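Two complexes are shown next, each including chain A; its partner changes from chain B in the first to chain C in the second.
And then the complex of A and B:
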C-alpha cells in the first residue's frame, strides 16, 4: 500500500516536472528554427518578478509578455544581442543570467577565482611552513646556550 | 608575520559580522531592482485616456511642473493599500498625479476608481502593458517622480507607505518644487 502510494507520488511528481514550462502553445512560432532561437534566448533571460526563474520557465504574467516580445522581435529580424539590449535598457543588466563582463560585474565574474586562489595560496603556505621543522640554532643562540650550560656546570668559587 | 596571523581571524570576523549585519537590515530589499531610468527622460508613450478615450502623449510630463506617475490596476491589492495616501499627496504637495491603469480593462479600472475615489489629474490605461514594460515596471504599484523637464527623479516599486511618503517622496518633491 505504502509502496503504491510512493510510486504514485513519484509518478505525479515527475509528470508535473515535465509540465513545468511557462511557454504555452499559442505563443510558439510556426518556424521551428526561430522558435528554438526564442527558447534558447528566453532561457538566458531572468524573470524579473520571480527572479530565480528564466522567462522560459516562469508562469508569471510579465514573463509571458517578455516571451511574446522576444518572439515578435525575432520575427522582425532582430538579433539576439539587439533583443538583449532592448530588455537591458528597460530592466537593467539584472535581467541577463550571464551579465556582461564590466567593472561593476567584475567581482561577480572573478570573485570565486580570487577566493580559490587565496585559499590555495594560504593552504600551500601553511603546509610548507609546517614541514620545514625546527631550524638550526644561530651562532648567537649557540653562544647563549653554552653560556647557560657553563654556568650550571661550574663549581661555586 | 606572527602578528598577522594573530589579527587575521579577528579582522575576518569583523568583516563577516559587518556583511551579516548588512544582510539582516530589514530596510534592504534584495529583490528590488534599480530603475534604469533615473536621470533620464521618460520613455515616449501614447495612451488612451480612461475617461475620454483621447490619446495622450508623453508631452504632458514636460510642462515645467514636477509630476508623479503611478501605475495601478483594479486587480492589484497593494494598489488599494496605497490608494488613500495618494489623495493626501496630491492635495498637500499640490502635485499632479498621472495614473496609468496597467494591464487592466478600462471598465474595471473605471469602476475601481468610482468605488475608491480618483486621486489622479489624468488617468490613462495601458491594456497590453507595453508602456509599463518600456518604463521597466515589474510589479505594480510603481510610482515615478518626474521633474518638470520630463526626467525621472525617483522610482518606487511597491506600495507607498506613510514612512516612505515622508522619508523618500515628500523631501524629493519639495526639492523639485523649489
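And then the complex of A and C:
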C-alpha cells in the first residue's frame, strides 16, 4: 500500500498540466435527482469559449464556473427556464444549444417543415400528373376522338 | 531531388488534367475518336503523375525531411512510423493532394473499366472528371503547394496533433475522401447525361455501382470518425452534430437517396431528372464539405489551415462547379420527362417516399449547420445549434423513414395490392409488438427505448420476411427454398443486410442514449466502486514513457458475476512537443455494451475516474459494419459488373 501510494505521488508530479473531462466530482450535488437535472441542463448549454462543446463536456475554466452556477441556482430552487434566461442575460443567446424560437430563428425552426411540405407537395403533384397514365386524353382530344368514332359509326349508313 | 520530381509531377498533372478535360469534351462534341482517345490516355497519365507526386511527399514524411515546410510543421523524428505515414494527409496540403490523387484514380478507373459505355458518354465523364481535377490542382499549385522548402531546415519537426496520432484517424480521412470524391463519378455521369441529352435504364445501371463504391467508403469513413470520437475524446459520445460531422453526413444522406432513386431509373425509367439533380447535389455537398472543413470557416481539429486566400479560392471553385452544373440542369433537364404510370402504393412509390424524407433530413442538417453563419452575416446575432435542435427536428424525420423501410421492400413494382400488403404487415406488426413488450418488460420507466427498438425490430422483421417470401417460404419446402435462395441475386441479400444493419445501428443508438450508466468520482488506490453490476477497484497508478509521449495510467480490476475478473488500464498522455494531452479510454466490449473507463484529473487526494457501462454501443459499430458489408455484397453482384458492358454493346 505504501509503495502504491509512493508511485501515485510520483506520477502526480509528472504532468505539467492535467486533463479533466467536464464535470468533476467536487462540483457534483449530493442529491442524485438534482444532479441529474444539472447534467441534463448542462448538456443544453454551450461552453462559449470552446468549439462546439457543452459545459458538461468541456474542461475549460469558464465551463467549470458555469457548471457551478447552474448547480447553485438549482439548489436555490430555480427552474431550468429561469437559469437559462439568467445565463442568456449574461452571455447572450450564443450559450443556448437549442436556440429560442424568435424572429431571427424563425427559418431555422420552420425551415425543415417548409422543405418537407414543399417536397410532399411536389410528390403529390408528381403522382397526380402520373396517375392518369400516358393514355389520358385532354378534353379537346376526347372531343376529337368521339368525333372520329361518330364519323366511323355513321359511315355504314 | 525527389521533392523536385514530386513538385514537377504535380505541375505536370495540372497540364494533363487540362488536356484530359479539353480533348475528352471537345472530342465528344465533335465525335472525334482520336481526341477522345487522347483524353482517355491523359486520364491515365494524370493518375500516374499524381501517384509519383504523392509518393515523393510520402518519402519526405517517412525519412523526416524537415527541409519541406509541411513535414517540419506536421511531423517529428520520434513519431511512430505508421503515424509518419498517416501524417502525409494529416495536414492541409497533403490531404488536398490525396483528394486529387483519388479523383485521378476514379478518372483512370472509368478509362479502364468504362469501355462498355457509349464512347461519347465515357469521354464526357472523363472530361468532367478532368475539369474537377483541373480546378483542384490549380488550387494546390496556387495556394497549397506541399513542396515548399524552408531554409535553414529545422533540426526537428513540430509533430502531428496528438489527437490525430491514432490508427482510426490514420484510415478515416482516406476513406472519407474516397467517398466524397467517389461521388464525383455520379456527378460526372449526371453532367455527361445532361450534355448527351439522354438518361435511360442503362444509365441508371452504370451510375449505380460507382455511387455504391462511394457510398460504401463514405459509410466506412463516417463510422470510423464516429468510433474514433467514441474511444479517443474520452466522453464516450459518438456523434456531436458538429459542423464537420454534419458536412460529411449530408452527402451520405443524399448519396443514400441517390442509390435508391437510381434503382427507379433502372427499373422504371422514372424519376430521371430528380436522380440527375440528386447526383449533382450529392457531389456539391461533398465540395461544400471540403470547403467548410478546409477553409477554416469552422475551426476544429480538421481545419489545418485558417487562410482566407484558400477559402476564397475554394469558394470560387464551388461557385463554378455548383452554379454551372445547376444551370446546365435547369437548361437540359426539362427534356427528360419519363413515361409510365407511377402509383403511390408500389415499390417505386416507397422509394420516392424514401427520397423525400432523406432530402428533408439533408435540408434539416444543412439549415442547422449553416444557419448560425448566415444569421451572423445578416444581423450579427450569434446563436448556437447543438444536439437538442437535431433531436427535435432530425429524429422526427427519421422515424417515418424507418416505418417506410419496413413497408417498402414488401411492395411489388408498378402496382401494390393493399389487401395482400396488409396481410403481410399484420405478421410483421405482431412480431414487432412482441419485441416492444419485451423491451417494456425490461424498462418500465421510460417509453422511448420501447418505441426506438420497436422501430428497429419492425425493419429487421420485415427485411427477413421479405427474404423468406422471395425464396417462396412458407409455401415451398425448405429444400426447394434453399435452391431458390442460392439463385437469388447478391444485390437482394445486399439490400436485406444493409437494411438490417441500419436497424441494428438504431438499436445501438437507442440503447446508448437511454440505458447508459455512469459514475464519476474521486478514487484513491484501493477504493472500490459498483457500476451496472460490475465491481471496479483502483489498484494503483503507473507512469511510463511512450515513443513520443509521457503517460500515466490507472490500473483498475473489474469483476462481475457473469464476466470474470480482468484488468483495465485507462491512460493519459502528454505529448511534450505540442504540449498537449490526450486520454486513452480503456474499453471492454461485451454483447450488451461496453465497459468504458477513462482517467480524469489527478488531484492531491486521488484521481478522478469516469466509469460507465455504455449500453448496446457495440451494436452501433456492428450495424455500421453490416451497412458496409451489405454495400459490398450488392457491389459484387454479377449483374452489376456484367450489366455495364452488356448494355453498352446494345446501344
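What we mean here is this: the second predicted complex is superposed on the first by the 101 of 157 C-alpha atoms of A that agree within 3 Å, B and C clash if a C-alpha of one lies under 4 Å from a C-alpha of the other, contacts with A are read in each partner's own complex, and residues count from 1 in each chain.
Keep in mind that, in the parts below, a residue touches a chain if its C-beta (ideal position, glycine included) is under 8 Å from a C-beta of that chain, and two chains touch if they have at least 3 such contacts.
These numbers were taken from a predicted model, which means no experiment stands behind them.
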| item | value |
| --- | --- |
| Per-residue contact with chain A, leading partner among chain C and chain B | C |
| Which of chain B and chain C A:62 touches, first, second, both or neither | first |
| Which superposed partner A:32 touches (first chain B, second chain C, both, neither) | neither |
| Chain B versus chain C as contact partner of A:92, first or second or both or neither | both |
| Touching partner for A:51 - first (chain B), second (chain C), both, neither | both |
| Chain B versus chain C as contact partner of A:77, first or second or both or neither | neither |
| Contact residues of chain A, present in both the chain B and the chain C interface | 51, 92, 94 |
| Chain A contact footprint on chain C (complex, rising order) | 234-235, 237, 240, 242-243, 270, 299-300, 339-344, 349, 352-353, 356, 359-360, 363-364, 367-368, 371, 375, 378-379, 381-389, 392-393, 397, 520-522, 525-526, 539-543, 550, 552, 572, 574, 579, 581-583, 598, 600-602, 604, 608, 610 |
| Footprint of chain C on chain A - complex, ascending | 1, 4-5, 7-8, 10-12, 14-26, 28, 43-44, 46, 51-52, 54, 57, 92-99, 104-105, 107-109, 111-112, 115-116, 119-120, 122-123, 126-127, 130-131, 133-134 |
| Residue ranges of chain A touching chain B (in the complex, touch as defined) | 48-49, 51, 61-62, 65-66, 69, 88-92, 94 |
| Residues of chain B touching chain A in the complex | 31, 33-36, 103, 129-130, 133-136, 138-139 |
